[in-house]
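Would you mind keeping the following structure in view while I ask a few things?
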């Protein structure tokens, strides 16, 4: 498929500068683009990369000047480029049957108009699914669940009974929502299970990555606030209350009954202990281990996590540790204090 | 559904103090309870929370005095409350067909009476399944497996060939038991796979969380002892022998051929290296990395893990590190030792 | 099943020394072998274990002398033992139907000769699958994917649309290839998703463990080089380029757009930040956190990761930290410097 720069500009409602008749056959990033490709420049700081790129044309911010090759100026080059990629690849959208005959939807489930259910998917008794929600192949939705509109459950997602999902929630493949919390009591030398009778609530616009687990509460909900985005292989323990617009990166683990405020960011492999309160706007840096409450706005690092500046000072001193030790030995010798 | 305190007390065989005729419509925890709810008090230390709670009634330990609102005294308030929650929600148990016609059970598999198999589940050739075991939707059980009685496999659990499960084993959704161990040898610059011909044995009363993986042994078993409880996203490597009544919290990883004693506890995100011996009753605190054997009864922390007290002393000194560095510089200056 | 040592030697083309007529009924490792068993000795360093073993016979390297019990000398005892184990267990290979009638293969998918598809597996529109590839039960392969020859996808593997797999790729159960990268931009206080329009390429002989996730690129590929082996519960972020013959152990996490050279080893629970370059032959030791580029050939440890020798020196000094602190206090007292 080949198309002119001018035609691409029409798709993205941009302004062409330079040769609008140039034919374009592919769309690739600055580093990967070849002659014949269009690329994109997200910020002015990528201008040098654009000058060095092999691309024949670029979608650029309004501020970028002409450099001999045709450009398309737009307010948001990233999103414009995404539209171009989708158009150039030209793949038709799947026209799946609304409800696959190879699925297993309980007669007492209630499906709103526009719901799609893929092959080998299961929808349990008394579950309600909102309009235009897509249940992909092999998904298992338990009983008494309530899903909003425009929800997407990717293949093999499992929702245990009684999960509640808001509108536009997206869950990626092989994630598990609502498995039992990890609660036991020791009785006569055995770990006896505490019944896990609660549920999980994911509010509007929550996105959950692949192979992530969010356990049900013991008696009430485990809750994830609106707009929070969760990466792959994350664990959220039972009875947690995660705030709105959090970013939880891959392999984060949050133990039971901990709550977070809004706009919290946890980088990769962070661990947070149970029954803690993490304030609004907190940033927890990668691999940190949090064992106490964190006040709103704090930025913490390390295991155990300390305020970021403090931890950096400690880490910098650690580099000098062998030298400090030598110095102390030398001083003791100088002072005749070795023997004590 | 509304029911009197007296009626609830009959369900849990407790003693009513106060107004037994009070109607109750819901059961929620101390923090969440509203007027009209019953709640529960697990220990005397929660008495203040009970006094401040909006709940209309409570299930309490035998020691708790009346405070104006009706109480139900029982020996085990948590378990009594769980029964009340289940009754009040009044959800009927699933009446699934014994063997779903949409499942795929090999004609040479042997299923004892009372076995349930959900839709789109697969049971392989020569596999034997004990009485009253439940195989949920989409589970795949390989060939030559042997499952005990009252086992529960939640949706999409995968058992590779030859896995052996005791009685009352529970495995949560999307966990994988018996995948190949991670064993390779370098030959001519390539990693050549060591055949993984062993199997996995989970003894009676083992519970495994969601998205957890337990690899098969190379030639023999990977074993998990009776009563051990394993959380979500845990990795147990090939040829490991995990003892009885261990608690392995979320995101723990145990490398190949390591053994643990009985009553070992590993907190979240702990890593244990391969070919180690962890003694009975060891506690490994959160995020620790264990690279050597640990003697029975020890409590270790850190990366690398050290005895807990020792590590705490080191961590406390680390806070003073920048100060110590300054002191040493000052002493050197005082003594005229800077230049060396 | 019982068989003589001589007969076993014929299977593995080895030389018998001692009583070739001895009957053997089982094959177990040195530590587990019982009388009547054959075992194997991988290196001379295991000779003491062999002398102390209860096994009746052993497969040994060419260098091992007779010690009274029959031995079979071969060049590669481990692989020879593996063949013996497989023969003695005598389990027939599965004779699955080529394409299960209970699978769901799109009419526009192209399957080469010898492809097997298990029950409840799904193969999407326009996907091409090479000769002798095995798609196990419940696997979901999206649209426009391209799989090579002799590929094995274990149960419940999910490939999103457009994934490209080379020959002999193996993916273990419940792994997810090609889910959306974790990319958002903040707009008006909300995290707005960056479209993830790329794909995943796994080159020849890549093996991926269970419950591992490899996200698709934003516009181009996330790539894993030929011969690289990936363990369970690993996360590879979007736009990463992993080199050839890497070993990525369990629970490793690599953030977006990072590249690794060839022959890189990451031990368990390592985390690597985004947009980094890890050189050829680098070893990253267990639980390390890498926040900067690493030069070829380096061996790093710690959080943050430092050169291994340097980090070990720091860790050894840390053990002395409380003592150093006491020394500094003593010196200050000695010099009358406490008050400053």
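By letter and in written order, the chains are A, B and C; residue numbering begins at 1 in each of them.
One rule holds for everything that comes next: a residue touches a chain if its C-beta (ideal position, glycine included) is under 8 Å from a C-beta of that chain, and two chains touch if they have at least 3 such contacts.
In this text, all values refer to a predicted model and were calculated from it rather than measured experimentally.
The copies chain A and chain B differ by a rotation of 120 degrees on their C-alpha atoms, rounded to the nearest 5.
Shared numbers divided by all numbers used gives the overlap of an interface; between chain A and chain C this overlap falls below half, so the copies present different residues.
As a whole-number value, the distance joining the C-alpha centres of chain A and chain C reads 25 Å. Of all residues in chain A, those touching 2 or more other chains are 120, 138, 156, 174, 211, 233, 251, 269, 303, 318, 321, 324, 328, 331, 335, listed in ascending order. Listed in rising order, the residues of chain B touching chain A in the complex are 27-29, 32, 78-79, 81-82, 85-86, 89, 91, 94, 100, 102, 118-120, 136-138, 154-156, 172-174, 205, 207, 209-211, 227, 229, 231-233, 245, 247, 249-251, 268-269, 286-287, 303, 315, 318-319, 321-322, 324-325, 328, 331-332, 335, 337, 340. Across the interface of their complex, chain B is touched by residues 104, 120, 122, 125, 138, 140, 143-144, 156, 158, 160, 174-176, 179-180, 182, 184-185, 189-191, 193-195, 197, 211-213, 215, 218-220, 233, 235, 237, 251, 253, 255, 269, 271, 273, 289, 291, 303-304, 306, 313-314, 317-318, 320-321, 324, 327-328, 330-331, 334-335 of chain A.
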